[in-house]
Each structure stands twice: as structure tokens, then as C-alpha cells.
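Look for chain A in each of the two complexes below; its partner is chain B in the first and chain C in the second.
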Partner chain A sequence: MSAAQTYRSTAARSRARAAVPGRTPASPPWRAAKGVLLLICCLLVIVPFLSIVATSLADNEQVTEAGGFVLWPERPSFAAYSAVLAGGVVTRALAVSVGVTVAGTALALLSSITLAYGLSRPGTFGHRPVLMILLFSLLFTPGVIPSYLLIKQLGLINSYWSLILPTMVNAFNVIVLRAFFMGLPRELLDAARIDGANALQILRRIVVPLSRAAIAVVGLFYAVSFWNAFFNAMLYMNESESWPMQLVLRTYVVNNAAIGAGEVSVAGAALPPSYALQAAILVLSIVPIVVVYPFLQRHLRKGVMIGAVKG
Partner chain B sequence: MFVTSPECTGSPVPPLPSASHHAIREREPAHRPEGHAMSLLTRQKPRRRSGASAVDPPRGGARRDRALFWFTVPGLAVVLLFHYVPLLGHVIAFQDYQPFIGIWHSPWVGFANFSVLFNGEEKLVIALVNTLQLLLIQVVFVFPAPILLALALNSLLGERLKRVVQNVLYLPHFLSWVVVVAIFQQMLSDGGLVNVFLRAQELGTFNIIGNPELFKALLTSQVIWKDTGWGTILFLAALSRVDTNLYEAAAADGAGRWRQTWHVTLPALRGLVILLLILRLGDALSVGFEQIILQQQSGVGIQAGEVLDTYVYNNGLVAGQWGESAAIGLVKGIVGVALVLGANRVAHLFGEEGIYRR
Partner chain C sequence: MNNHVTRRTVLRGSLGAVAGLALAGCGGGVPAVPLADNSKVRMPDHVPYAGVRPAFPGTEEGVLNGYLHYPGDPVVAFPGGPPAKGEPISVMTLIYNPVPPPASRNGYWQALNRSLGTELRLEIVPIADYPTKVPVVIAGGDLPDAMCIRPEISQRPALLHALFQDLSEHLSGPAIREYPYLANIPPQCWRSTVYNGGIYGLPMPRANVGSVMFYRADRMRERSLDPRPADFAEFRRLCADLADPRRSRYALGDPLTTVYFLMEMLGGPNFWREDGGRFTYWLETEEIRQALDAARQLARAGLFHPDAFTVLNKFKDWFGSGQIALHYDGNSGWNDFYRLYAQNTPGFAIDGMLAPGFDGGPGTHWSGVSSFAFLSLKKAPRERIRQILRACDALAAPFGTDAYKLRKYGVQGVDHTLQGSDPLLTPTGKVQTTVPTIFVTDAPQSLYFPENPAVVPLQHAFQKRALDVLVTNPAEGMYSETDVTTGPTLLLRMNDELKGVVQGRVPLSSWDATVRTWRREGGDRMRAEYERYWESSRS
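The block that comes next holds the complex of A and B.
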């Protein structure tokens, strides 16, 4: 082993021992206690997910035998999924949720990017008042009753717009984008302007392509918030045909409304156990989050730090 | 360049090319007391630049500036319409609002709606007491949890393992309250994993779902489960900025591990803790509206589960007491803003930074 390798491996080992360099390492029992604590924390997150997925795949016999939830499906079957996905309330709700999330995220990104870009040069016309208006909106939430009255006045009750418009601009996300735009090299923008590009061309050709990472994070945040939105739908959507997934989840899982043949369609066979059906609905409303989570994770630290440092 | 001594004037430092016209003008007075030659040189350049530069023309830029303003219009319109216009809707707090005749025609009643705040209506008192109890519980149990977790994460693990643990613990933050409540019910209800296990071991069952006495414990454990991991982000960032020389210096002075934590690590977190506490105060009277409204109907009842936000919702939108509920919502909002500003003032008095620098 060469000297450099030795050096590297000892350095790595000492880093593994004391995560904070220069700090006195903790005593072994104390370290073990902390390790166990962290392990328990992780299990508290992982085990519920595991159990829900397992139960959604379990068959009638096993669920009856266990009297409820299981930790591992002995004879995995997709009966619960094919039941809830074969048309009916859940299928429709999935379509509504996907539609609202996609359209909402697109509109939210469009309005947030333009707003952040418009605010990205201090000293321009209207910069200060607009920024103040945006920042003050963080200080208070607009109250349930006045918001409801406004939506009603606008005639948006039972309209999908009521799920998109009110949450379309999130001041925090705009500030993150603005901080990123302000960090772009001025020389590039100036050069483009000298070449005769107007503000819109600069936004499309330079600012947006250079800010893809930040825009991706903000877009994911918006997508997650649209997917998760529940209360607006509960207030504004009175007809169960236009419910999004979260509202269906509340009705059939949280409030335990009976899932009968009217809600799901079963091809001939007996209905899967209700525990499995509930677990399947739950899994379906978690899956999109888990799918985008790795992408979110990759940019998370960066995005949050931008907001924290320059907000 | 601003403190150049007179003998250096032979080789003047050119003004920073990237410094904007604005910034240079602000700094200009600093040159005045200096040597004549120096001030001439530095003063000339910015002046000339401000006149005719193609890069950053302050006058000719006016039209372009306005062009940038137009970009803010769609987003600004949404913010104004959905954040500020509802503020106007608070006028119904002063009306005997009737939905079928609308805001414009409902009769004005002055402060009559606000009397509900003082005549000790039982449900409102219950809601207020529950809110304050939950607030206390959250500040005592929920607030420190991410700090402890961040300390454990920070000092124990190597980078890669730390990343994995973080990824697992951040995930619940991205789930909706409906999902979190559903998961808790599925795990802890009578047929849930915990009770299935306990029954199999013949240990009896554990009833927390739908049990009014344990409702606050349930709410608290849900908040901790959902947001503790995410809460560590800011603390870990602050911890990573601690100057490691301080630990070495403390160790050299004979400080053990605990003294290092107490005198180096914790002071590094103080500003952040104060900032977050102030921000929490602004939400002091909001203790998990979505979370509670979701679980009220499953039978814990008003006594255990009503808080101010749910009272406003149940009494206003559900029971139709619009004016009264809007009055309570309005007072709650004002108290929240006042608490933030007041706490910020107190933080400044103690020499802390608070939300913004003075």
C-alpha cells in the first residue's frame, strides 16, 4: 500500500469516527446510544410504509388471520389495485389529481418565473413596492371565510380553477427563484442586451436555460403542494365526481366510509378485504411523492440554502 | 481602494468594473478627505460612466425597466387577488352577513360580532384553551426535537450514512396531512399493525385513535413524525458552519465533550433558534388546522379537538355564523402579526438579530 493510500484510508477512518473534525470523539456507549436512536427514527418512518404496501398486496385469508395489517404479504396479489383502478371513484380522483397537478405546476412555474425575473434587478420600475407586496403576503394567511367568499364571488365553486389559482404563486418559491436569477453573471445578461436581445428573449434564451436546476426544484415543490392539497378541495368541490385523490383518501380511509361495489368495480370475484383496499388507495396517493422524491432530494439542499442565505 | 494613502496615488486603483453606478455614488463621500489627485481620479470615472455608458444607462434604461415590470404583472395579480383581496373580505366581521344578499347589501352592525370574544361563549373558550395547550405542548416537545436530532446526526455519522438517514427522515415532510393521518390510523387503529402485533403477543390492545384523552398526544406525535426530520435541515446547515478551530481551542483549554457542546455548538444555533421561535409565534394561534379538522369527525368530539381555526370553520362555514367567525379570524390574524413584531422587538432589545437586522 502506498503512502498516499495509507494516508487516505486513515483520514477516511478518522472522519468516520468523528464526523466533526477537531472535535473530541464521543465515548463508545454514548455513540452506540445515538446510533440506536437514529436507527429507531428511521424504522419509525420505514415500517409504516412497508406495512401499508404489504397489506395492499395481501389476500383475504392473510388479512383475516392477522385481524388487520400485516408486515409481509405471504401470497402477493394485485386484486386490491385492479379493483380500485378499474374505474370508479378512485380512478376518477387519480385523473383529477394528475390533471390539477400538471396544469397547476405549469401555470405556477410560468407566473413565478416571470414574477421572479421581473424582480431580479433592484432599482427597476416598481421593484420595491412589488417586492414588498410579495414579502408581506408571507406574514399572514388570508383567512378561510374571506377566501371562500372570494372564490364564490368569482364563480369558481366546483371549478378546477379553485384548486389551482389561489395557490399558484408561493412567495417563498418566488424568492428562491429570484435569488437564483440575481446570482447569474451580470456580464452575460449585459452582453445579450448589447446584442439587441429584449427582456423576453433574455429570459427565454439565457435566464431560464441557466436556471434549470432551481426551476426544477421549485417546480417539484409546486407539484408536491398541488398533489397534496386537500383543504381547498374540501371547501370548494362539492361534487364527489370532481374530487382529487386526497379527498377520496379522507373519505374512504380516514373517515372509514364503506367501500362497496359502487365505489370500485370488481370483475366477478369477491371484493378484496377493505384493509387491502384502503392500503391500496393510500399507496396510490403516496407513490407520486416517492417517485419525485429522489429528484427533489438531489436539489433540496441547494434550493433551501439559496432561500436561507439570500432570501 | 478607499483607504489608499496619498503616496500611492501614482498608481491609482481603477474603479471596480462590475460595481454599479448606484453603489459607486453611495461610496463617493468617503474619498473627500483623501489626497487631491486620488479623489480626482476616482471621481472622474464614475461620473463619466453615468452619462454615456452603453452597458448600464440609467436614463435610457427607463423603458427597459418598465419592460421588466410587465413581467411581474401576472404573478402580482394572483398575489393581490388571492392574498390581499380576501383581506377586504374581513369587512363582514362588521356586518350581519347574509350569503344570499352578499357583502354589498348586508347590514352593518359595527362591533357587535366582536362581543362573542368577551361574553365567554363556552365553545370558544374550549377552543382557546385547547389552542393554548397545544401551543405549549408544541413549543416544549416539538420545537426542540429537530435540534436534538440534528446534534445526533451531526456528530455521529460519516457523510454517506448521514445522507441516507437524512433522505429517510425528510420524506414524511412531503406527505400531505391526509396521508399522515391515514398512516397513523392504519398503524394504530384496532386493526392496525401495532394492535395486531400486541394481540398476537397477548398483550392486550392500545387505543389511541378516537380516544379523546389521548388526542393531544396523537396530534403531537403526528407533528413530530412528519416534520422533525425536515426541521433538521436548517440546524444541520448552521452546525456545518461552526468553525472547527473553536472545538480544537476548547479542547486545548481542557473542555470535555459536553463543555464543547455547551460552549461551541449550542451558541452557534442561538440566532437560528430565536428566529424560528419568533416565526412560530406568528403562527402561535394556528395549531394544525388541516390535521385537526381531518380527525374531528372520527369522533373525538369538540371538548378534546376544537381549536380556534376549526371553531372559525365549524361556526362560520358549517353553521353559518359568518360575521362572528370572521371577527374571530380577524382578531386572531392581528394577534399573530402583533406577536411576531413584538417578539422581534424583544429579540432586538436582547441584542439578537431577529427576523431582520435593525
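The block that comes next holds the complex of A and C.
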């Protein structure tokens, strides 16, 4: 479609909208006001983000002068990124995080989809008790010490499995998927069964293809939670070599806040990393999600609208 | 390794959890061994290291040795070779810095291991998460060979008694002479390691001088101001002269530490005051009322940074960037301020201000803690304990030795380069040498700043003046279960109230009610526990 055609179709849509009965076209000042309001909303989101990027690229002098809040780096420098990536700790942690996120999300989706499908079919063996156990885990989360003892007894301390298994099945996500699967037309599944398909084939060939949007949403939830997780790593990974990104970043950004006023004299540790370094860390931590998000956006938009207009 | 989950292991795990929770839950702070036994502990002999002559000698009272340069030919700390040959040693400790590269990719760490003769396996936990991880590891029963015990760990006497080694036979009296660098640690540092009638750890020595009211000497010179006010009135005038709100320049940042400084002017207690066995908390004294009133005057005069009451952890940056001219902070920050901010500010200079008497005459200065925390050793056979102690002895090798140089500055040519005889960290060294050995054990601190030796005489002079008027905290080295469990929450609330009063949000007249609440909700229990502990140390 040419630019002219695009313009014509947009204009036609605008006219059609204005012609909706009972709806008067907005006056130019009102439209301008709405535009300004939307612009402010956009700036509220974009400026902090840009500021973090700008601060990460600014030199110490400018960051100090600006009080830690730089909007545009006058002398752009990648020194903060070099410092963060020196020694290989962050790059190694990045690889660990990517591995845990990819493997964890795949396994979590596999287990959640199969579990949700089983629970969505009335009459499945153990349907009720399993559902109750799932709901129970939603209401009552296990304590830190019992979880640690279990992981230890399973021999998973210092194992990457300890970062995946405890959070592999999220009850909320399973219930979302189950609700979606229950909404699929029963006739379709019955027809497949009459055609000789077994439960696994029905799941693979019919349920999953029809549920792409819901699965994408749940997958994104899982991916983000695996990516952001640091607590289990702190508990179960004793060797910093196996730490994921978020736990390494924590030592850059959060440790400083742990020094209370009463402790000013005792730590004997160096001053906290500079703002530029902290900003660089933040940028590095969000890049993978920002990169992946556009590819999932289409499914995500569909997914979150699931059931929105059902009567 | 058999990792199968059996009914028995689950049951054992559950019992472990219940025991852990029970240990954490039972209050009262009843120690495993009667308190009176603590007075019978024979403290380690103190044998100061005399291998290197300092340019500015320290004192027994706590002034640190000052050095202008590192010896060109460092003393060999262990002429007989690596002292701790044997099995690897696992240590769980904390870190404030960004985590260093692991041993497998850290040449400094590998060199350190070679010098020890064993593999130092550090389980590093970010400081913010340390209080969470310790109970979990203890409940799990999978203790490392040694563990950093922080003041916030509750049920400490019972915990130490049950799981950790009493080191008295190795360290008490002359026994410590077998570990000459541990014997170099000053006596006051050992006080916090005594529990259950024994020595249960190795200190992590810190400077007695505690905190410093840093001032921007360059700004003082710029405005021809005298950085030594004679009393509070002069201090207030000095603050007013330093402030220039139109240029976003203020005198003061943190309201809380400003109150500390005012308490030093007034001769108030260093958190606790002991008088004939009766303990008084600093917030219930008459001095605090006067300090709060004085701080209100400073706030009303607009001498605090406008965000002083709403942000935390920005004060260092404000000071470094010149937004505030006075900043009360740990003495260890002295060198770091230069490292971080001097390169961007031509003429950057700082010095320490001692509190004058509120109405003239000498003020006081609060001591800091003598030991950051202590390192406890898991119960083990005698020979294993001796091996770990030898490793710790090496980690306490003092300034002037080759072991100290390696520990602090890494490998020459990789982690540091020499400027004369002084080691300067390279970018690689800055990353690799953050291995947190200072949170295992350490030598007594020393005043040394290879990048700018001219700072050392200033630091030494400040310490000498401060030690002359030092006020110690009588509760240091004592244990109160209530202070550990309830104290931090209560302190947070009291600090909020205190800031409210300084800011003018809360009337000073409500302070009595605030203190009554503190007493009712735990303050009196803390007092009673400290008094009982104090009494036991006298019997």
C-alpha cells in the first residue's frame, strides 16, 4: 500500500469515526489538549528510561554535577560498561541468567500446559485433589527454611536445577491456562477424539495451536519471573560463579542501601559504585527483556484481551 | 552421594526446621552457660607487631600507625612457606562491594590461595541478604568451616555453644603467640568474641576512632573560614557561612549523624552510658533534648540540604560533589572520598572536624566498634582448627609484610604497579582484589594512602585529637537478645521520630512520650539485659 493510499484510508477512518451517530467531532483545542496530555504521559515513561541510559554513558564529572540525574551525556563514554563487564563476572552471570530463563521457561510451559490441560478436562484421574493442592499452594507459600531443607535433601544446593524446579509450576499461571482451555469448543475436541486422536495428540495438534496467545502471555510471565529471580540463587548457590545476573547486580545496586546510619564507621568497605555504574547495570539488566518483548507483543496484546468482550 | 529423599530424611529435615525455628523463636536471651563464666575468660595476649617502623606511630589507646610509603623490601611474613597447607577451607562471609570474579578466573585469589597453602572457598553473600541466609544455612545444618557472625544474629550464645568451636585453648593468654599476627590484634577487638565462658571467634578489627565529621577543606579555604569552631554558636555560624542556597550549596546533609555530632558536643553517651552498673540509653538523656533543640535551630536556618529529610544514601555524593560541606561518616571513607571525587574536582581536599564543647571547651568523640563482626569456626578436630587458625593468621598479616601487600594489592604487574615502593591498583586489580578477606579477619587497620601520602599526617593528627576525648560504648561486646531482635525496629522508629523533631514536623514536647514507648516496647528489657551482662563481667 502506497503512502497516499495509507493517508486516504486513515482520513476515511477519521471521517467515519466523526460520522458515528451521536458523536460530535472533538474541537481542535480539545484534541490539542489531549495530545499534550498523552505527550506528558509518554514523557513520564520515556524520560526516566532515557535518563538511566544517559547517566550510564555520562562521565563521573557530569554525573556529580547533575546530582546523579543526567538527561544527555555531554561527553559520552562507555567506561561504566567497561568497568561492569571487566573481570567477566557480569558476562558469566548473563549467560547463567539466559540459560536459566530459557530452560526454565520451556520446562515451566511444558509442565503448566500439560497440568492445565489435565485439569481442564472433567473426569481426569485425580482431578479434584490435584486442583485443591494447586489452589492450596496459591494461598499458602512454603517457608524459606522448609524450602531450603527440601532442596538440600534433594541434593540440589549449588545446582542450576535449584533455580528452576522450585518455581517451575506457578499456580496462578496454571489456572489462567486451565480457564482458557476450558473455553475451547468442546465439539472440536470431541471431533478429534472421534477421528482417533489420543489426549496428547489433541493437546499438541488442537489445544496448543488454538491457545498461542494465552501461552505467549504465560510464557512471558514465566520468562520475566525467571529473569528477575535472585532470592533462590542467593539461598541455594554458594559459589558466585553460578550466580545469575540479578544477584550480581544486587551487589552493585542494593548493597549500598544496606549500610544504615548507625553503621557508618564499621563496614570498612569502599564507597558504593558510581551512579554511572549503577545505571549501566540497570540498562544491562533490562536489555534482554526489551529485545524479546517486541516479538511477543502481538501475542501478548491478544492474550491479555482474552475474555474481555465475552458476554 | 546418596540424594534420595526418604521418609527419614524428610523427618530429619522437618525436625531441623522446627529446631531452627524454636531456636529463633524462644526469647529471653538465656545463655547456654551462666554469664558469670565470661569474666573467667583469659583474653589473648597482645603482642604488637614491630617489624616495620611507622612514620606516625600509633598508640595503645587506638591511634593507628601511619605510613607514608610501603617498605621497598617487605618483610616475609612466613619464611617457612605457606602456613595452612591442607584441606580447602570454606568460609561464609558477606560483601559490600560488587562480587569479585570467582577463584577459577581470578589470578589474585589463586595467588592468595598459593600463599596460604590451601584453597580458600568463600561463600560470598551480599550484605543485604546476609541476615536472611544465615538462619537458613544454620537450620540446614550444612555449616561451612567458618562463618562471619554479625551482630544481628539472634540467640548467639546458644548458637555458638551448640555449633561452633570454643577457641580458648588455642587463643587464650600465651597460646595465641603461636599465631603472631592474630596476637597483634588489639585487646579491645576481642571483647565481642567472648560468649559462654570462652573465645568463640576471631575479630575483624576496625579503627577505634569510629566516625569523622568530614569537612571540605577546599571550600573552607575558598571562603577563608576557620574549620575549628570553639562552641555550638561558632559551629552554627560556620554552617551559615558555608551555605549558599542560590548555588545549591548547603552545610549539612544527614540529620541523624548531625545529631550524633551535637551529642558529641554535649558529652552525651555513645549510645549507652554506664554509671555504677546502671545503663542509660542516649535517647533518654537530657543531652538528647538539647541536641534536638540545637539541630532544629540548624534546620530552621536552612542549613540542611533541602532533601536531607527525604532521601537516604545520597549524603556521600552530596559531600563529594560539594553540595554539602560537612559530612559525618566512617573513617574508612577518608581515602575513598579522594579516590572517587578528587579526580573531578581540582583542589579537592577534606579533613576531620572534632566536636567542640557545646558551650566552649573540649567536646567529646564517640568511638566506633572495635570489631566489625567475628569469624566463628565450626566444631572440628584440633588439627583442623589449627590449620584454619594458621590460615586466618596469614589473613591478619600486618602492613609492611609481603602477605599484607598481596592481600590488599594483589600480584605486581597484574593487580598493581609500583610508584616508587608504593603499590597502585590497576583496573584489573580493582576488580580482582575485592575478594572480601576483610570480612574473614584482618590486621589492625593502618593509615596509608599511596595515591596521596600527604593525607596520612592529617588522619593521624585527627585520630590523636579524637582519642584524647574518646567516649566508648559500654555495651560494646555485650549481648542483649532484645537489642538483637527488637532493637533494629525500635531504632528505626526512634530515628524517624528524631528526624521529625529536627525537621519541625514533631514537637519537641512529644519526645517524652516517644521515649516512654521505646522503654515499654523493649528499651527497658535491653537495659536489664545489658546491666545483667555488665554485672556478670565484674564478678
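Basically, the second predicted complex is superposed on the first by the 206 of 311 C-alpha atoms of A that agree within 3 Å, B and C clash if a C-alpha of one lies under 4 Å from a C-alpha of the other, contacts with A are read in each partner's own complex, and residues count from 1 in each chain.
Convention: contacts are C-beta pairs under 8 Å (C-beta built on N, C-alpha and C of every residue); 3 or more make two chains touch, one makes a residue touch a chain.
All of these numbers come straight from a predicted model, not from anything done at the bench.
Engineer: Contacts for A:Arg298 in the overlay, against chain B (first) and chain C (second): which applies, first, second, both or neither?
Structural biologist: A:Arg298 sits against neither chain B nor chain C.
Engineer: Based on the superposed arrangement, let me know which partner A:Ile145 touches: chain B (first), chain C (second), both, or neither?
Structural biologist: The answer is both, since A:Ile145 touches chain B and chain C.
Engineer: Which partner, chain B or chain C, is in contact with more residues of chain A?
Structural biologist: B
Engineer: Touch test for A:Gln278: chain B only (first), chain C only (second), both, or neither?
Structural biologist: In the superposed model, A:Gln278 contacts chain B only, not chain C.
Engineer: Considering only touches as defined above, state whether A:Ala86 meets chain B (first), chain C (second), both or neither.
Structural biologist: Touch status of A:Ala86: second partner only.
Engineer: Kindly classify A:Ser240 by the partners it touches after superposition: chain B alone (first), chain C alone (second), both, or neither?
Structural biologist: second
Engineer: Using the superposition on chain A described above, determine whether A:Ile157 touches chain B (first), chain C (second), both, or neither.
Structural biologist: After superposition on chain A, A:Ile157 lies in contact with chain C alone.
Engineer: Is A:Arg128 touching the first partner chain B, the second partner chain C, both, or neither of them?
Structural biologist: neither
Engineer: Which partner does A:Met168 contact after superposing on A: first (chain B), second (chain C), both, neither?
Structural biologist: first
Engineer: Once the structures are superposed on A, label A:Arg250 by its partner contacts, choosing first (chain B), second (chain C), both or neither.
Structural biologist: A:Arg250 sits against chain B and chain C alike.
Engineer: Of the residues on chain A, which ones does chain B touch that chain C also touches?
Structural biologist: Shared contact residues on chain A (touching chain B in one complex, chain C in the other): 67-68, 143-146, 148-150, 153, 235, 247, 250, 254-256, 275.
Engineer: Using the touch definition up top, name the residues of chain B that touch chain A in the complex.
Structural biologist: 18, 22, 54-56, 62, 64-76, 78-90, 92, 102-103, 149, 152-159, 162, 165, 167-172, 174-179, 181-183, 185-187, 189-193, 195-196, 199-200, 225, 228-229, 233-234, 237, 242, 244-245, 247-248, 251, 256-257, 260, 282, 286, 289-290, 293-295, 297-298, 309, 312-313, 316-317, 322, 325-326, 329-330, 333, 336-337, 340
Engineer: Taking the touch rule as given, give the residues of chain C at its contact with chain A in the complex, in rising order.
Structural biologist: On the chain C side, the touching residues are 1, 3, 5, 9-10, 13-14, 16-17, 20-21, 92, 95-102, 104-106, 123-129, 132-133, 135-137, 139-140, 142, 204, 206-207, 210-211, 254, 256-257, 312-314, 316-318, 320-321, 323, 328-333, 336-337, 339-341, 343-345, 368-369, 372, 427-428, 431-432, 434, 438, 445, 491, 495.
Engineer: Please name which positions on chain A make contact with chain C in the complex.
Structural biologist: 60-61, 64-65, 67-68, 83, 86-89, 92, 143-146, 148-150, 152-155, 157, 234-235, 238-241, 243, 247-248, 250-252, 254-259, 261-275
Engineer: For chain A, which residues count as touching chain B in their complex?
Structural biologist: 15-16, 18-24, 26-27, 31, 34-35, 37-38, 41-42, 44-48, 51-52, 55, 66-71, 110-112, 114-115, 117-121, 123-127, 130, 133-134, 137, 139-150, 153, 165-166, 168-169, 171, 174, 186-187, 190, 193-194, 198-199, 203, 224, 227-231, 235, 246-247, 249-250, 253-256, 275, 278-279, 282, 285-286, 289-290, 293, 296-297, 300-301, 304-305, 308
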